[in-house]
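Presented sequentially are two complexes of chain A, the first with chain B as partner and the second with chain C.
Let's turn to the complex of A and B:
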């Protein structure tokens, strides 16, 4: 029976031009979205490369300046930017702390349009107010990006709905259901086979169009492992929607009613659940007001400025390691400033941590509840795959903060020892290396498949009790 | 005849259980959305008030200080939230809410809400604008997809044709039956919103005429959808296909077109990255007058010019503190640089807006979205307006401080301290968003596009009605 169904279905799909239409649609959608994604990745790469290039050039200028100063020549730059002063190097010659794109970054824009991909922390800057958001038009952020993840999460289910909503009902409406009922196969099993075959063909088309677009757009470096996880995610998400369509086909009724129910489910899973969960999340774990944080920060800073001298004394008592080799005991603006900066930072740390903590809580909460809607699960997994999820940017933020600390520490000993920066110190400057996150979850696909199988089994079991006569009438 | 059709169709729609359920769902969703937004609005407004008064107190109580130190110490401008943001949140979530105003530097608004939320936030929020823009058109599709196809399927079409009714009257009757419930639904929503807003403690710039304009814009948007859905229903033979086609239009207009537009706009007219922008500004600054650097070529030139103007041979003999004067000139020069670079951003934004306008040809969603945000004061243009106002205030503040420094001290007197009471003389920062009339003139093109959509879709529906 499966063999007949297979041949019949293929012929039907070809003659009704469904296969041709779907291939075209998939190619266009995948092509346009992959192209968009790749363009963004390219821009990100070239931005980072340009920034690194610039640092290299200014480094060469710095070495030249140092050389001139060391040989006792006059230099034509403002005195506070001469790189013999360690603070000048720390402030005017920062390193690029970049988050390079991953091989699959083209798949999902995720948070990539919201956050920046390279920073240049300086010694006297406030780490906790480092602005990690990117300069982008808020209209773009509001509308989002036409990326592969959008096609998979939003549009593929709609294609599936259009492809499956009337599998059973159209037979009824055409009157061919009676013919079918006379065949030696139960209605449930027949619908099941028909949908599985349609799923099979759509999977084949999706796989080939995906491969074709990736090669046409020219994604490199191509990774089979990552591609296979993308494919596994896509196919299991598709299967989920086919399972839904199976249940609706069995239990709802006329074509139009089926379509309405399926669209209702789509609105529920893709549009409503995520927005309700997001709002509940920010209601349950509200972010403290940033404007009030500014007030607190300003008050602490004003207080610290007033007792700068006292702070400096305490600081040097607490950190004797900084001034081990200092023989001059000179104290300048920066000695006091850096010390009070440190104090302000320590005082504000709990306030800043509050934000991280709340975000973490929201994150954990949404991770627990994401299974209410497979759309969230798949979007999140695609973001993880692309390295553009909130977690990834959290990770990057942490690493940049860490690097800013290393950078500052590096110059602190120069400062408090009143030691000049020289050419010989240049190779010892700290460099930033971005580490990818390692705790990527691998359970998404199995859980999604399990959900789908449960749904399919329920459908098959329930269809046993479904009387053929009832379907016919 | 139009009325008779209207009553018959309305009765039929009302008797359909699914329709009643759909209406109930949409209404309750709207209720929840309004409630959440009202709570949020109040919350944010309280925080805003508090931040503003605290910040002003910090500024006023600086004590004796050199005016230029105070300029570096700086102050903050906080962006208020406007009453109609209750209906349309617009881009509020994605723009910063506070701008640091300091010497020598124009800063961007910081701390957007979206940056403090999880990735879920990118799916969107359950706000009234989400329901108005996405869900209500879906409801229209649900109510109207089979308006004509059902006559075909039930075989009543031939009966109808044998009646003496002209087809446009028949279409108008059906049109009204679809329009009426949607109109009532959105009227109720806007009335509720109006009452909530006028009962809020500090409803500032809320006025009913803005709300009414918004209501009419949404009504226009729904009329377009009604026309499209009915047109599809008259052209197609089966209800199922009519439904799928109408939904495709919805997906294209509300989901795909905006996203595609944002991609096209970004690749064609990109913004610089934040670091790039900062580097460009720095490069321009280095070539010009720096208020803190008396040794640069530009400083020397300025010195000669001022000496010649006052007919003295030394800056010590000038009637004001030349340090402060140079500081002010440097400030003016830097302000110009910022003006140039931010203007470039603004130009990119204008060009991007033109891309969006161009794509409005395939999507009535786009002009509606932009108009609604503009009226609610939650669009990008209002944000620019606010940022510009803050910048003007910053420049005025710098002049206020530098003038005091210049008039009350002599050259080289960096130890000068202004009185502790001096800071209170600085006027408050006040920002008034553009008036409704200005907004409508600025967005006239969106109004035209929406109007054209309405007229064209309506005429197509009526003109083709003969051949049903």
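Let's turn to the complex of A and C:
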């Protein structure tokens, strides 16, 4: 039966204008979303390149200024920006801490719409309140990004529904089911085979479309593993929807009822569950107010300003290494400011920790319940594959914080030793090197496949007890 | 070949088929006559295991249809009143598909021969079914019976809506199958066609087989009278 089903299902598909249209639509959607995603990645790359170029030009200007000052010449810039002052270098000549897009970033915009992908930490900046949120278009946030992940997670199930909702019911409605049911075959098995063949056909189309998009974007020789992950995720997600369609075809009834049931499941899994989980997460673990945190920070800073001399004395007592090499013992604004900055940071740590802890709880809660909806899991996996997941941005934020600390520490010894910055110190400036996350989840595909197999087995077992009369009526 | 023993089907309080016992042997054609709701189609549906009987049993080639639903269908070809095939496939393709899923692997030559034997014009073999008349589709159904080397042919109002010529051709095809030893059970309203093709005729009413005749032992007018008597209508038809 399989051979005949395969041959004739393929012929029927190829002769159906509806299927031809759906196939064309799939190709167009994959192509357009990849193009769109790649445009965004290119924008990120060019933004980072422009920032790096700006730093390079600024560094050249700094070297020139240092050279002039070291030769005893006068320079025509405000005195507080002259780079012989370590604080001037630390504040006005920062490095770019960039999160470079990964080769598969075009797949999913993920959190890239919300967070910035490069920062320039300064010595006197409040790194613990570094705002990583980027200005976003509210319209874009409302509708999301039209990228490959959007097509796979949101639109592909709709195409599958259009492809599968009436496999059995159309036979009943056009009258050929009675002839089929009079053949020595099991109707459940027949529907199963038809759906497997449609899955195969759609898989070929999806694989071809993904390959075409990959060649369009260009992929390195070591990125084929990532491509295979993308393919495995897409196919296992498709299989999940085909399994749902199998159950609906067997047990629901008319084409209209099947379509409504499948659309209902789409709304449930793709729209409703993520939204409800998000709302519940916010209700159960509400985030403390960021405005409140900033207000408290200002209060602490104001209080610290009033007792800056005392703070500086305490600071130098705690850091004798900064005082012993300094013969001048001169103390300026920055000596007091940087010392009080440390105190403010320590005092605000519990508030920042509370903020981080709630965020962590929210994320842990969402992760535990994400399996309720395969759409969430696949979206998250695609984000991870693209390097645009929340975890990726958390990793980046952590690295930027760490680098900001290194950057500050680098200039602290210059500051408290009252040592000028010179051309010779330039090569020793700390540089930021972004490290990708290594602990990426690999469970999505096997768990999705397991869910699918369970549904298919349930369908096949139940179809054995399915009465032909019930199917025909 | 076809046998029912006290076969009964109830839908709630309504008894559609009531203790029906009949048999059709190889090379016999039993035509079941009766008004709408007499239980003819329900009987065929039970033989196909489309609906389970409430009581009694039915066998095809000695096998119980409820216990062996797949196996019994290997022997059966069913042609409903309106045989619907795949409209975007040709006659050859439809025949290849349905005989294929029934387990018969046939060459294009064999398929052509069966279509020819079923009386389909050669130039229609490779035309899509969407262009076929009802009579042409019924011929593809007969070709399927030939291709499956069927033992039992179940026909549900196969000649309704056919023009006289097509009806006559269909009758000839049934004779051909009968001569090959096929057991045919045909539900129909058409007394004339029943008298012409059947070896046995049964009249059903209220789910019961009220009268049964050997076709050669009764004339058309006697059959008509018996039918009307059974239906409790005594006046002659115009």
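Just so we're on the same page, the second predicted complex is superposed on the first by the 462 of 473 C-alpha atoms of A that agree within 3 Å, B and C clash if a C-alpha of one lies under 4 Å from a C-alpha of the other, contacts with A are read in each partner's own complex, and residues count from 1 in each chain.
Throughout what follows, a residue touches a chain if its C-beta (ideal position, glycine included) is under 8 Å from a C-beta of that chain, and two chains touch if they have at least 3 such contacts.
Note that this is a predicted model, so its numbers are computed, not measured.
Participant: Check whether chain B or chain C contacts more residues of chain A in the superposed model.
Facilitator: Residues of chain A touched, chain B against chain C: more for B.
Participant: Could you say whether A:461 touches chain B, chain C, both of them, or neither, answering first, second, both or neither?
Facilitator: neither
Participant: Counting only touches as set out at the top, which of chain B and chain C does A:362 meet: first, second, both, neither?
Facilitator: first
Participant: Kindly classify A:178 by the partners it touches after superposition: chain B alone (first), chain C alone (second), both, or neither?
Facilitator: second
Participant: In the superposed arrangement, which partner chain does A:390 touch: chain B (first), chain C (second), both, or neither?
Facilitator: Touch status of A:390: first partner only.
Participant: Identify the partner contact of A:1: answer first if only chain B is touched, second if only chain C is, both if each is, neither if none is.
Facilitator: The second partner, chain C, only.
Participant: Answer with first, second, both or neither: which of chain B and chain C does A:186 touch in the superposed model?
Facilitator: The second partner, chain C, only.
Participant: Contact residues on chain B for chain A in the complex?
Facilitator: On the chain B side, the touching residues are 18, 29, 36, 47-48, 50-51, 54-55, 58, 62, 73, 76, 78, 90-91, 93-98, 108, 110-126, 130, 134-135, 138, 142, 145-146, 238-240, 243-244, 247-248, 251, 255-256, 258-263, 265-267, 270-277, 279, 290, 293, 295-296, 345, 348-349, 352, 356, 380, 383.
Participant: Where on chain A is chain B touching in the complex?
Facilitator: 32, 36, 39, 43, 47, 50-51, 54, 78, 110-111, 114-120, 129, 131-146, 150, 154-155, 158, 162, 165-166, 169-170, 255-256, 258-260, 263, 267, 271-272, 274-279, 281-283, 287, 289-292, 294-295, 298-299, 302, 355, 359, 362-363, 366, 376, 379-380, 383, 389-390
Participant: Give the list of chain C residues in touch with chain A in this complex.
Facilitator: Going through chain C, the ones touching chain A are 45, 48-52, 69-71, 73-74, 76-78, 80, 82-89, 93, 96-98, 100-103, 141, 154.
Participant: Quick check: in the complex, which residue numbers of chain A touch chain C?
Facilitator: 1, 3-5, 8, 11-12, 15-16, 174-176, 178-186, 190, 467-469, 472
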